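Here is the structure we will look at, set down as structure tokens.
Every chain is named by a letter (A, B, C and D) in the order it is written, and numbering of its residues begins at 1.
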Amino acid sequence: MPLDEMKEGYFAGIFPYLVTPLDDKGRLKESVLADLVDHLIRKGVHGLTPLGSTGEGAYLDWPTKKRAVEVVVKAAGGRVPVVAGVNNLTTHAAALEASETEHIGVDGILVVLPTYFPIVDEQVVAHFRAVARAVSCPVTLYTNPKFAMWDFTVDTLKQLADESNIGYLKDASGNIGKLMSIITALGGRFKIFSASAHVPLFVFMLGGVGWMAGPACLIPEQSIALYEAARQKRWEEAVALQKKLWPLNVAFQRYSLAACVKAGLEMQGFSVGFPLPPQRHLDREGRKVVQKILEDIGAL
Amino acid sequence: MPLDEMKEGYFAGIFPYLVTPLDDKGRLKESVLADLVDHLIRKGVHGLTPLGSTGEGAYLDWPTKKRAVEVVVKAAGGRVPVVAGVNNLTTHAAALEASETEHIGVDGILVVLPTYFPIVDEQVVAHFRAVARAVSCPVTLYTNPKFAMWDFTVDTLKQLADESNIGYLKDASGNIGKLMSIITALGGRFKIFSASAHVPLFVFMLGGVGWMAGPACLIPEQSIALYEAARQKRWEEAVALQKKLWPLNVAFQRYSLAACVKAGLEMQGFSVGFPLPPQRHLDREGRKVVQKILEDIGAL
Amino acid sequence: MPLDEMKEGYFAGIFPYLVTPLDDKGRLKESVLADLVDHLIRKGVHGLTPLGSTGEGAYLDWPTKKRAVEVVVKAAGGRVPVVAGVNNLTTHAAALEASETEHIGVDGILVVLPTYFPIVDEQVVAHFRAVARAVSCPVTLYTNPKFAMWDFTVDTLKQLADESNIGYLKDASGNIGKLMSIITALGGRFKIFSASAHVPLFVFMLGGVGWMAGPACLIPEQSIALYEAARQKRWEEAVALQKKLWPLNVAFQRYSLAACVKAGLEMQGFSVGFPLPPQRHLDREGRKVVQKILEDIGAL
Amino acid sequence: MPLDEMKEGYFAGIFPYLVTPLDDKGRLKESVLADLVDHLIRKGVHGLTPLGSTGEGAYLDWPTKKRAVEVVVKAAGGRVPVVAGVNNLTTHAAALEASETEHIGVDGILVVLPTYFPIVDEQVVAHFRAVARAVSCPVTLYTNPKFAMWDFTVDTLKQLADESNIGYLKDASGNIGKLMSIITALGGRFKIFSASAHVPLFVFMLGGVGWMAGPACLIPEQSIALYEAARQKRWEEAVALQKKLWPLNVAFQRYSLAACVKAGLEMQGFSVGFPLPPQRHLDREGRKVVQKILEDIGAL
């Protein structure tokens, strides 16, 4: 990522979705989180995203979320940008949390909108608009139609293009055709981050600026190598790398996201604990699968 | 409902799912809630359920939920049992909230388990077991596979039958065949409450003890008449009543639940306000539909 | 069923969906089919439906289908009405097959519309209208949204009400609420037959005139008893019977339909063979389940 | 495509899924089909696939299908390979049709397995195995989980790898991650053709050998240009081309497949008629959309 882009607050590259290390009472393990942050920055990641889906942002109370962001911001120490997740069911609470998160000192926020009842496009637009207006930092839109009862359409994104600080879209639909339709219709208005449900390489080929996802916690160097190969248009090398890394995405999708990444990090020596119940731990068979994949990739 | 059953804590009959009246800043309108409670009790309902799905239990913070339960318990004044909803994504928070809710003085709790990531049967059992053990009052299990990524199976219910204070099941799947399979397999171990996604009359025919749902806020007398006709085995009369009431269930399913009941209550003179954004208000066309239905039923 | 209704061509009661007995080369076993027809009439069924879903109507070529209808009409010998399935992907072929089926001497047809590509309401209406106009006998509409990419709406049914010889609807959605909406909106315009995806008793309570489905091949007497209890408004007895019979519906839904009924008939001594590949035979575990259910019901 | 590969019967490149031109009585318009074949070959396509999904293979009777294949084989005159669709619900009929199709003189077959009842993996394997054994020409496996109630898994494909004449897979799931998993697990055992539900370029990047789909009837030159750019590893040019062509894929998915391609061909002067009812014609708004897209692509 060129320095001048960084200075302009242009996010690009590999942004691991950080897990939130918790003890068996659900309390934040602050030093483990700080160590993980330092480890990933030393490995070369371009940014950090606490409190995404993998970070159990939907499951944590505000004091824990606030403390997690504080720890990440402090441990990052300005070395890479921090884009923190904001995850609330109501617009009012989301806007408030976004504002408080910004004041902690993050470089951007990622807005996740979970649902209980289904919602329609008009409400989707109103929600993201209100949250974007609650902050002055860059906003990343997030959508995952597998976990929430709505999805962005080309039309809702066009409406949100009015909000000047909404700069990024992380689409976790896994539907690369839909992403191509969005890019075709909206040009470069929103910079696109790949999710793990996508094949990141293909998002890069379409002009995507990076990959924000949990697996990058486990394979930061390999993720960076893939990103660099794509950035430098060494496409055949990138395809080979992508094929090699793909099994981790498959495992990550198949097993519960936080469980998979937390189990892998434990194997790598980070005592991040388990996901909050009633989320499932990775069971013995799942751990075997993840261990084998990490060994094959050279990450264990 | 016979008095001796009441004394034993046996819940049966019509339990309106109370809406949570809120002003445009999201603050509880306490006197409106108290008035609604008094109105419904005078109309003859057999119990009250604040903070169900219709009560926006998934959207409210704990202070608001706590205050809503306090207002309902106080306004009910022991005239009918209060079964309050407990709605959390994590087992730890749900158990804590269940315990605090019990201490407010409710007669029972209804446990709603929303999800972000999908969960499996083992975790479902563990969650409900832990919450049931956090209280000594009767527990009602709730499932709605349209709004959460799990559903009870006959097998998970068999496991939960071990917990002696789990006495009730409210199934909102709308699948009457599934309910018959549960009843066939588990006999009378769990008393069944119908949801609005079901045809309540048929749940009564299978031995269901009542109807817990939002529409009963709007048509308490008619709901009671249906329940009484079924209880007294006046089946043809019950069928005719059920057919007359059915359009309200259809509207309730079609439009956002809280929006539909809140709009209807406003028509009846209760200033309950709107559902919390990004939930949708009932639009003009929806209000016309609901108004026409309420007029046809004789509830406006 | 009163005789005068029969004379008017009013279909009501238990209409087993006949399996199509086939040898291992896929050839019709005519004498087995004739024996089954005679057996079911002696047991008291009110009509017969060859070539429904269970009859593998979607899988057979026209010569086999034609011969099957001829055998059933001849074996029935006018003792009960025969309502034969017509099952085609194109309107032209369906209309032609309907006409030829009528000329064999059936009393009515049941129109099944399978799909490859999804279709919209306007085409659904046009298809059933065209097929109805190709015959002069009574037509039964059939819908099963699990097996085809369309479903009747209240609005499409209202349009089809124009065709005077469309007299019946067999809805296999299993959604009793939808059926209540149809009955509420259309009154008695279409007489309703229950499918096995429904709880037949509840369809009877809503005014349904009978049950057309595969399980009645296996439990004709019990099905008739349920129908008679409902017709005579002995509702509590009907509920008890329905609960007893329900496990067969569950098995029928869970296992492939034709496979389940064919396996059960083999147990009862009818050498009906297997469903056409690639349909699955009922495996050992499935046969055990079906055998146990039939024993419990008293049908083995 | 190198000539030596052609000689070995190695299919690769752009294979338009031919529509089946029909008059308003459903009769084959033979000369229109022959003209279309000649036109596409002159435009440079690498092969032809009559009777795929777009060719309405699921809707036509055997005499029409047989005649369509004869016309295509004769019109092609050996200039490009013909891979004809075989589309049946039963294994017996599919094997018979496959054999007869081979005797017409095709170079390969594409096996489509529609369903009425859902089927399981074991039956899927048995079906494709039996059909493959009924011919000696190369077989292309086809799967489209949107239109049939099964899908290939890595495991079923591994089993089918035993059949030496099964050489190709056309996956129409649109799930590029699944395709990557298949390629990772099975290496080059099956050569992959893209469907229009995929982004063809990305299938090429993963090693896919071509694109078999309806839109290539409308934009043969542009499809070939995309294929050649990918084959020659001019990736940036390929991405730009792919983005330009993508809107046609979107329209093709959105509208009924045969309707969309037939309407476009009519605009280009081929009198192919309409899809068979109850399939929908492309309506006025749809025709406008398709016309605009073809104009933008330079195909009108």
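The rule is simple: a contact is a pair of C-beta atoms (placed from the backbone, for glycine too) under 8 Å apart; a residue touches a chain by one contact, two chains touch by 3 or more.
What you see is a predicted model; the values in this text were computed from it and never measured.
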- [ ] Walk from subunit A over to subunit C along touching chains and report the minimum step count.
- [x] 2
TODO: Just give me the whole-number Å value for how far the CA centre of subunit A lies from that of subunit D.
DONE: 38
TODO: Indicate the whole-number Å distance between the mean C-alpha point of subunit B and the mean C-alpha point of subunit D.
DONE: 52
Task: Multi-chain contact residues (two or more partners), subunit A - done: none
Open item on the list: So which chains actually touch one another? I want all the pairs, not just one.
Closed with: A-B, A-D, B-C, C-D
Task: subunit C partner contacts - residues on subunit D that touch it in the complex - done: 25-26, 53, 58-59, 61, 89-93, 113-114, 116-120, 122-124, 126-127, 130, 147, 256-258, 276-280
Open item on the list: Show me the residue ranges of subunit A that touch subunit D in the complex, using the header's touch definition.
Closed with: 174-177, 180-181, 183-184, 197-199, 201-202, 205-206, 233, 235-236, 239, 242-243, 246-247, 249-250, 253
